[in-house]
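First chain written, first letter: the chains are A, B and C, and each begins at residue 1.
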Amino acid sequence: MADEVARGKTHIVETLTPADDDVLRVEGVSKRFGPTVALRNINIHLRKGEVLGLLGDNGAGKSTLIKILAGFQPPDKGSLWLKGEEYKPRTVDEARSLGVDCVFQDLALVNELTVYQNMFLKRELTTKPFGFVRNREMRKRTRAALDEIGINIPTIDVPVARLSGGQRQAIAVARTISSHSDIILLDEPLAAMGAKEGAMILDLIARLKEEGNVSIIMILHNYVHVLQACDRVNLIQEGVISLDKPTAETSVEELTDIVVEEYRRARQEAQAEAA
Amino acid sequence: MSVASTDTGPAGTTPPAPGPAKAAAPKASINPFKRLLLMKEGSIVVVTVATLIYFAITTPHFFSSQGLQNLLPFFAPFAIIAAGEVFVMINGEIDLSVGGTYLICPFIFNEFTSAHIPLIPAMILAILVCTLVGAINGFFVAYIGINSFVTTLGTLFSLFGITLVMSHDTQIQTPGTSLFGGGTFESVFGNGTYSELFWAIGIVIVLQLALSFTKWGIYTVAVGGNRLGAKEAGINEKRNMMRNFMLCALLAAFVGILEAVRSGSATPDPAQSSELMFQVVAAAVIGGTLLVGGFGTVVGAMIGALFLGIIQDGLVLKGVNANYLYLYQGLAILLAMTINIYIARVRVGAGRG
Amino acid sequence: MSDEDFMGDIVERLEWDERKEEDTPLKRMKQVTRRTALTGGAAGIAAMALQACGGSSHKTANTGTGTATASSGGGGGSAAAAIFGPSPKYHFVMVNHVTTNPFFTPTQSGAADACKLLGCSYQWTGSATSNVGQMVTSINNAVAAKADGIAVALISKTSFNQPVAKAMNAGIPVVSYNSDVPTVDRLSYIGQDLFQSGVEMGKKVIGLVPSGEIALFIATPGSLNIQPRIDGAISVLKSHPSIKYHVVATGAQTPQELSTINSWASSHSSAKGMFAVDAGSTQSLGQVLLKQGLYKKGWKGGGYDLTPITQKLIAHGIMEFTIDQQPYLQGFLPILQLYMYKVTQKLTGPATTDTGLKFLTKSTVGPYVSTKSKYEGTSTGPVTKA
């Protein structure tokens, strides 16, 4: 770390500065895949009712971190804390049962299944004896949830393969939001959406924030969206958190500057090494 | 799976866009025939009925009550095994070892009865042992990660070898059977006139319900259609695949016993056992289950098996020369698949599932 | 001592040897096929050969206690050695084209028994699917491993010339069994031509069904171990236009064969008989004759090989005959001949032998069916199946 301090990266979050009303804490988490180090030393906290934006380049490790929080894969080192208790989910299912739900980047939808079957994937309602799925009830609730959110999907009996990218993403988001979890993780929730649909989702998030029951971590690419929707923003660079600021205290320009600066520095180093 | 239906627009909120409204209107005017075609199993039903009519008209003795009784063993055994194979294929895998489990189960049954275990417990034990073979398949494919084609091929050969060694390459008389027939055990388990048919229909109904209306069925489709996505959604894809391989082996073992009871003997010669597997997979594919996974139907597989059975039985009755038998069967399969694909395109174009 | 009695002695000795073995279908089949092979006409040949190996050594056996206390390997071997002088334990290779086909299980028994009596060993190898390439590889491997002798079923007119010649040049004696190509340089042929057996069956069929419609069932057309049988039958039937025959493929597995024959029978109600050239079809056509009551309507049936069900159906008069091509001898005699050739250092041994075929009918099949009680007097009763 010393060399990074020397290089002027003084805002690396080396240790956690927790708040009293944290619902989620990540301390010293690292993860590698073979020779590739995805996360080196991640320290993050999330307060109750907060919307935290997570920024960073492609391959910076954002999705990896989200997957760890969602219970999809375990960290190599470090610890996680959920509402004050140690948090070590072994499966996504377990995470969900503890109140953490996630919208993955690839949406986790099954093309051949219908809209309502996807809405209830791994959350199916079943009859008491025999365990048959209650299709009618599931369809009713799906319809209600989609309408409430305001997404336009005329038929919920078609396989999701037939829907547009934006509609599919909306279903994935709707699924997680309808689960009334305490903590929601969103990996690029606006990636496939046009301006209007994107605005609808951001609107939805704002509504959730107002209600104050849900805490959200969102990965976004668009800095405008980040400043608009998030309370605080974290920037991941080279496997560590290099910025942790409330959105009110930063701007699109500052975020852009930091990222470009880093890019330039890396390029200079690479050229120096090559020489 | 349900036939697609259009909602007539949600109460409140956004009014339906012009598109869906148009789709809703023609619902009344879709004739029943087209409706049938649009079902998943529609095309194979049409093809099979056409073939049935063809043979009924051109071949005497085909459509008589005796003729139809004779038809049963040509398709019922394959329909049962195909039901299990469908689950494995929807997972995106394949089980080539069904021929081996089918071959060995009667011999394991025989070993147990020779050890003085009573008939029905011996049969159940033998089937359970063979289900273990399915668990081995599932373990190597789901937990170790070996390709299912290779894994089940290895299991197949191992089973062949074990059968030969266990039986000393000698034919046995199936336990529970007698020369003149008529015993209760053999009538229920394969030798009664309609025994195999009842088993086939019962098993197909139960498994189609499981596929369409239980979590197990939905997860099977999910694991086959989007394995990573299913895992992200929290589905234990390994356990799902394991279950399906075990189901497939169990059904193959059961049919092995049914057929051994029906013919009164079991011969351990494996040299032609692969043909069973081809026929089972063909029935599943013709019935509408995709080899790549994510899509399938048990009822379709039964109709596919029926189609293949009608062809075989019909050609025998017609007195077709032995040498031409394979040729006609091959042509029939190609024709059926072509019609299937053509109708599938119609279905996609109509905007249905 | 007559040949029959003498052979009876040999058989009993071998059976005594096996008394401790568990009673299984295999054991019973083995004993039945051995008995039928080594009695009757074949007794003479086997007796002659075995006498040379000290078979009549009630007087000269190692134990000296006489009668039935033969021991495996050592007793026979030392008796043979007493006649021929000491010899190393020979190792022979038998190459077959359908190694897993139950037809040849008695052949393996015959080879095993001969080895027991002579103190040698044998290997059963080749191809399970009539793959000639695999068989040639087996022969070449035997040559490379310096086997003491090779017996091979010659199922191809051209492919075996070179490998056999190579073996003979390397000093390894080669005989053929079951299937022969006279132009190949082998020392002798033991068996009966499949084609010829078909001819015999054809003649029998004409005797049973002088005119009318009949079926000829074959499991898998083109298979090299059954196609010649049906060709032989057809060659005879062709010249009798009063008989209309249908050749029908029944499939490789017995349940399938049963379905096919069932369908054929119910759609040809004016036929007079059904005949087959393989074990599964034979058994199945008998079952169909029974199930559909056709034997009461005067239908005639017959075929090949000795499955337990076939035997029973003949005993009950539902089928007329089955043909036993004595596969036991096709294993027993080649080993014997190869041994003699080696031990007499090429002076004698090989002799082309027609193992003949036996028609088993209701009157002669009796011993087969009741073999449990009659021939296993020294073993425990059969295992009852529920």
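Everything below uses one rule, namely that contacts are C-beta pairs under 8 Å (C-beta built on N, C-alpha and C of every residue); 3 or more make two chains touch, one makes a residue touch a chain.
This is a predicted model, so every value here is computed, not measured.
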Worksheet, complete the sentence: Ranking chains by how close their C-alpha centroid sits to the total C-alpha centroid puts first chain B
Practice prompt. Specify the chain most distant from chain A by Cα centroid.
Written response: C
Worksheet item: For chain B and chain C, what's the span in angstrom between their mean Cα positions?
Response: 39
Response to the item:
Distance in whole angstrom between the CA centres of chain A and chain B is 43
Worksheet item: From the C-alpha centre of chain A to that of chain C, how far is it in Å?
Response: 75
Item to complete: Using the touch definition up top, name the residues of chain C that touch chain B in the complex.
Response: 24-26, 29, 98, 100-102, 105, 108, 128-129, 218, 220-221, 246-249, 252-255, 257-260, 262-264, 266-267, 279-280, 283-284, 287, 290-291, 307-309, 312-313, 316, 383, 385-386
Worksheet entry | Of all residues in chain A, those that touch chain B in their complex | 70, 72, 91-93, 96, 102, 104, 106-114, 117, 121-122, 124, 126, 131-133, 135, 143, 147, 150, 152, 154-159, 162
Item to complete: Going by the contact rule at the top, pick out the chain B residues touching chain A in the complex.
Response: 2, 4-7, 9-10, 12-14, 16-17, 19-20, 23, 209, 213-215, 218-219, 221-222, 225-226, 228-236, 294-295, 351-353
Worksheet, complete the sentence: chain B contacts chain C in the complex at 59-62, 66-67, 70-71, 73-74, 77, 113-114, 118-119, 164, 167-173, 175-176, 179-181, 259-260, 262-273, 275-276, 312-313, 316-317, 319, 321-323, 325
